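Each remark here refers to the structure printed beneath this line.
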Amino acid sequence: MKVGVLGATGYAGQELVRLLQRHEEVNDLYLASSSVAGEDYDSVYPHWLGQNVGILQDENVPDLDVLFCALPHGLTAARTSTFLSRNIKVIDLGADFRLNSAQVYEEWYKIKHPAAGLLKDAVYGLTELYREQIRGRSLIANPGCYPTATLLALVPLLRKNLLQTKFLIIDAKSGVSGAGRGVSLGTHYSEVNENFKPYGVASHRHTPEIEQELSRAAGQPLTVNFTPHLVPMTRGMLVTIYAAVQDGVKEEDLRRCWLEQYNGEEFIRILPQGTWPQTKFASGSNNAFLQLTIDQRTGNAILVAAIDNLIKGAAGQAIQNMNLVMGCPESQGITGTALWP
Amino acid sequence: MKVGVLGATGYAGQELVRLLQRHEEVNDLYLASSSVAGEDYDSVYPHWLGQNVGILQDENVPDLDVLFCALPHGLTAARTSTFLSRNIKVIDLGADFRLNSAQVYEEWYKIKHPAAGLLKDAVYGLTELYREQIRGRSLIANPGCYPTATLLALVPLLRKNLLQTKFLIIDAKSGVSGAGRGVSLGTHYSEVNENFKPYGVASHRHTPEIEQELSRAAGQPLTVNFTPHLVPMTRGMLVTIYAAVQDGVKEEDLRRCWLEQYNGEEFIRILPQGTWPQTKFASGSNNAFLQLTIDQRTGNAILVAAIDNLIKGAAGQAIQNMNLVMGCPESQGITGTALWP
Amino acid sequence: MKVGVLGATGYAGQELVRLLQRHEEVNDLYLASSSVAGEDYDSVYPHWLGQNVGILQDENVPDLDVLFCALPHGLTAARTSTFLSRNIKVIDLGADFRLNSAQVYEEWYKIKHPAAGLLKDAVYGLTELYREQIRGRSLIANPGCYPTATLLALVPLLRKNLLQTKFLIIDAKSGVSGAGRGVSLGTHYSEVNENFKPYGVASHRHTPEIEQELSRAAGQPLTVNFTPHLVPMTRGMLVTIYAAVQDGVKEEDLRRCWLEQYNGEEFIRILPQGTWPQTKFASGSNNAFLQLTIDQRTGNAILVAAIDNLIKGAAGQAIQNMNLVMGCPESQGITGTALWP
Amino acid sequence: MKVGVLGATGYAGQELVRLLQRHEEVNDLYLASSSVAGEDYDSVYPHWLGQNVGILQDENVPDLDVLFCALPHGLTAARTSTFLSRNIKVIDLGADFRLNSAQVYEEWYKIKHPAAGLLKDAVYGLTELYREQIRGRSLIANPGCYPTATLLALVPLLRKNLLQTKFLIIDAKSGVSGAGRGVSLGTHYSEVNENFKPYGVASHRHTPEIEQELSRAAGQPLTVNFTPHLVPMTRGMLVTIYAAVQDGVKEEDLRRCWLEQYNGEEFIRILPQGTWPQTKFASGSNNAFLQLTIDQRTGNAILVAAIDNLIKGAAGQAIQNMNLVMGCPESQGITGTALWP
């Protein structure tokens, strides 16, 4: 397959390159960057020296089977119809095709949607939850990292009506790499290290994405409290979710629902009771780790999910989707366990 | 004043020594450790070289004005009545006198309470909330770190009946120093670094302490979901709290309640709207930072509090209580801003 | 091939398992641990859940092609002759066969060498430097992490007599994982984090190993100043080496020597001039990064090498050696670039 | 005293503010920032809320007793003669007055020295080594952080001619705060965390400053190899120094020399034999920790010094100098031990 990456020097882009380079069905790799076109990849990332990745191209996209777009929102949508018309499958790691509604997009991203007409053709690429819809499709909206962790935990339970939809709390924690490679005081080492803080409280752009998918699972509109926090570590994401259960629902009902949903899944690990996810369990892998309990004092369910924000939360899931779209084995190129310690 | 510390080589104990050494009213310091009695303090902590702290004593407590007990639970209570009968004021940094009920203590701490008869004499030492009860008293139960952060945010609002008591979520995050100086795989550098995890889910011993004090504030029994997490950093604690508000309550009502409660407080900083607490704001200081909002999508309140777990969450508040008990200016020896960066 | 690992739950052992599991020629994996035999691998390391590694065996070693020994010193040597007599190739990640002299071993490791007679049969497995001696051999002493980084930089230059041997300074820095999984105050998170310190000054056990190999390269006995330091990070190792050059030797002579020695090497990256190694360049990979300069003020050479201490410094190089011993392509199972960021 | 700080929002500037605020002789504080004049200090640093530091001024300096300049090089020198003519004592935390030679300054800092005529009036403010010259003077060049740690270890030994001057290796390691608050890829969290790297190899601007002072101590010109490295931590600095000793010099001679030099010094701690400095020993304090040995294998001395780069390496020593200049007790406002853990 001939595969391309737009935005190949961002953190998600670079992770795509790393994973694609070892993917056996990918024999031609087009890597583009608008800002450093013409430079050697290993001059941008010296640790790539000797891996023969070559020169970064400009964004004149050649004929490809699949194109990954790891660009700021707005930039992908503007060009997608061209790509599709050339029979290039598009997997967008950005936000342009995640929301079904152009109006909601415009409200949260503060720009007019550049290709609202394509929204109906996009599939939301949370692989385990929408596998059949993804297979063979041409335009995949790769989910955000926070939504990936959140939806893996909640969607099966809401589909089966095991949770109430009234008081859904998603307290989320992310490593700093989620903020990308652009420098700012908020990601300046001395201000982040030995520090822990919430950000985007009641206003983070992954909120409507989470609400859209949870509403779809629940069969009714719902809202959530979603609070992201920045953890002084580079990689990893963990969400702690609180929800009231429906009358009579017990811990084993919730667990059984997860086990049924994720039976046979290569990347979903429901931990043994009492073992709680840690971000490091997932670090460097496409695996997601899940655990839950019902707190006997309050009767509420506590769900925890952990992923690597750049792999299952970005590049790994994008390749999982590519595999589905192109008919490769779903786990090709993205198997393996975490780097530990 | 002549002041003593039992458990002077643990992290809270060492922080007490640091703060007491610069306290102008403390002119005699008795430091004891059951495990390393007879050793020089600076052989245990080489960075203390040249500070003239002297030899660690055994636990034959001399005549003192105030004794801080920074010991594992059970050990303080067994000896407290002796100390009190010798007119030594006791400030317990452990858990022995925090819970009003010996039965609840026994349920959570799995030992019989060694001095249940003294529980009624102990005052819960969350200084800003119980100042008048603390002044001049002889037995102070210094609060746990998680309860300190949580109660500072919630108690004023519950006292004024601004929040519902049904669905109280306390998602808490702590630096690793809270686990103390004892080694374990759970605090082994390579397992903690670049890792984030929950622990004690639905079972942490600070839960009944939080519930007791929130119930007192609300005037009715209530339960909470309390989930602590371990952050890969040494110091700092932040809690994110979710609660439904009473009908008609607005963000400005909550804020006004805090401002009234904490008007003139030296250690409580209610941040300007839109600025959220970070653990580093408090690091090395006795200050607590607060912020809140009401999420317009769900109508729920989100409250955040940050403290230094070893200072306002332990040694600093203990000295604040000593100051009250002994009639010193409340902030003596514990003023100052965080060490930044 | 049928491959075994003794000490499969230490950090080096676990890294061996990770790498061997994806090695295409390894179809049978025997994993042993004396301390947790009988337990599931994923109960020791929950992130291994779903990878089907199975139960940890006791140390009754079955018939194998290759056995990796990742054990404390002394334990491997005691059993090696038995393994060899059963035609099992032994790759020792410990220190038992690194030193040619039993007497030097006894001086530094404080025990009698359990198999001094085998020392002459062991090959020092620094692959790039002793490739031809390793091929097809039965007993490989896998080098220590510090020696690996140091020797890669120095040996070629000493072989060609480009450096003086009188004043060789090796200032080395390692991540904490090099200390293994055993808990101690020295690896307790709160004592290591935000801290940097030397250790084993003028007394570290890798000293005689480095001196032995440098003396061999120089053709004369020499001594070095070797000072390891602990860096507050989990993985990675970097050595900064200072040496006087022989009369008339220029920077380009040194560089040319490296380029000739490492021409065509898959795992050695000599960075472009002015780009200095960083430990993260190597993290998660078997790659070693090198750079040098001659300081114009003093005329001394400064050499820097960076590796991942657990891969090129342990498990990765061990597999590289296995590949050589067994006739597999040398880089099989250990290719790929670092995990970044 | 009325004291001012130019550059009050940089890291060194902010540390000055923290220390000056608790200094009993400072009753009036003028804080200026060219970039954010007119803003509240606590809008720049929210953790300062409630400390009443007030509004940042522009750089129209009022009448003051002492002015600290924490500005990029070049900016201080241009205005110093004005300050001096107004009887304002100037303590420059920048590089403008550290080098005696305008020519060397121009070579390393690449600008013409703006006030070469004042160089002869400046005193190099390494307090313990030049105390008598500093007392009562008007223009103090506060040393760089690397020179401070290095010179404390080496100067006494060179003054007594105990070390050879030929092969002086200074391998230095610093936390990231030394790079200041300006954002860059080199201080971007995800690129620095879990990473260790040299920088400024054979070209760092502290080299001529170190050489100048060591040459002065030795009584002859000398050069050094100085290699700084970046440690993934915020604060702290440690230098490891290698030197050949003069014939017949023993470890106890070196130690005795240090003990004599630093006898009675409040901020210098020579650790007991076998205990090596750690950066955390000094963190948050003005203390410097020293240790040495002679490596029996090579006969070379190994010296290690650790300081807090922002305190003894910048703001703390600046106040120590202010105290000397103004006749206050030398340790006023800067006593105390490290924040631990």
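To keep things simple, chains are lettered A, B, C and D as they appear, and every chain counts its residues starting from 1.
In this text, a contact is a pair of C-beta atoms (placed from the backbone, for glycine too) under 8 Å apart; a residue touches a chain by one contact, two chains touch by 3 or more.
Everything numeric here is computed off the predicted structure, so don't read it as measured data.
Participant: Any idea whether A-B or A-C has more C-beta pairs in contact?
Facilitator: Ranking A-B and A-C by C-beta contacts puts A-B first.
Participant: Report back the single chain whose CA centre is most distant from the CA centre of subunit D.
Facilitator: It is A whose centre lies farthest from that of subunit D.
Participant: On a C-alpha centroid basis, what's the spacing between subunit A and subunit B, in Å?
Facilitator: It comes to 38 Å between the two C-alpha centres.
Participant: For subunit A and subunit C, what's the span in angstrom between their mean Cα positions?
Facilitator: Comparing mean C-alpha positions, subunit C is 36 Å from subunit A.
Participant: In subunit A, which residues are in touch with two or more of the other chains?
Facilitator: Residue numbers touching two or more other chains: 11, 177, 181, 190-191, 193-194, 232-235, 278, 280, 341.
Participant: In the complex formed with subunit C, which residues of subunit D make contact?
Facilitator: It is residues 167, 169, 171, 173, 175, 190-191, 193-199, 201-202, 207, 211, 223-225, 227, 229, 231-236, 238, 240, 242, 244, 276-280, 283, 293, 295-298, 300, 302, 304, 306, 341 of subunit D that touch subunit C.
Participant: Applying the document's contact rule, which stretches of subunit B touch subunit C when the two form their complex?
Facilitator: 11, 176-177, 179, 181, 183-185, 187-194, 232-234
Participant: In the complex, go through subunit A and note every residue touching subunit C.
Facilitator: 11, 14-15, 18, 21-22, 45-51, 177, 181, 193-194, 234-235, 266, 269, 271-272, 275, 278, 280-282, 284-285, 287, 289, 335-341
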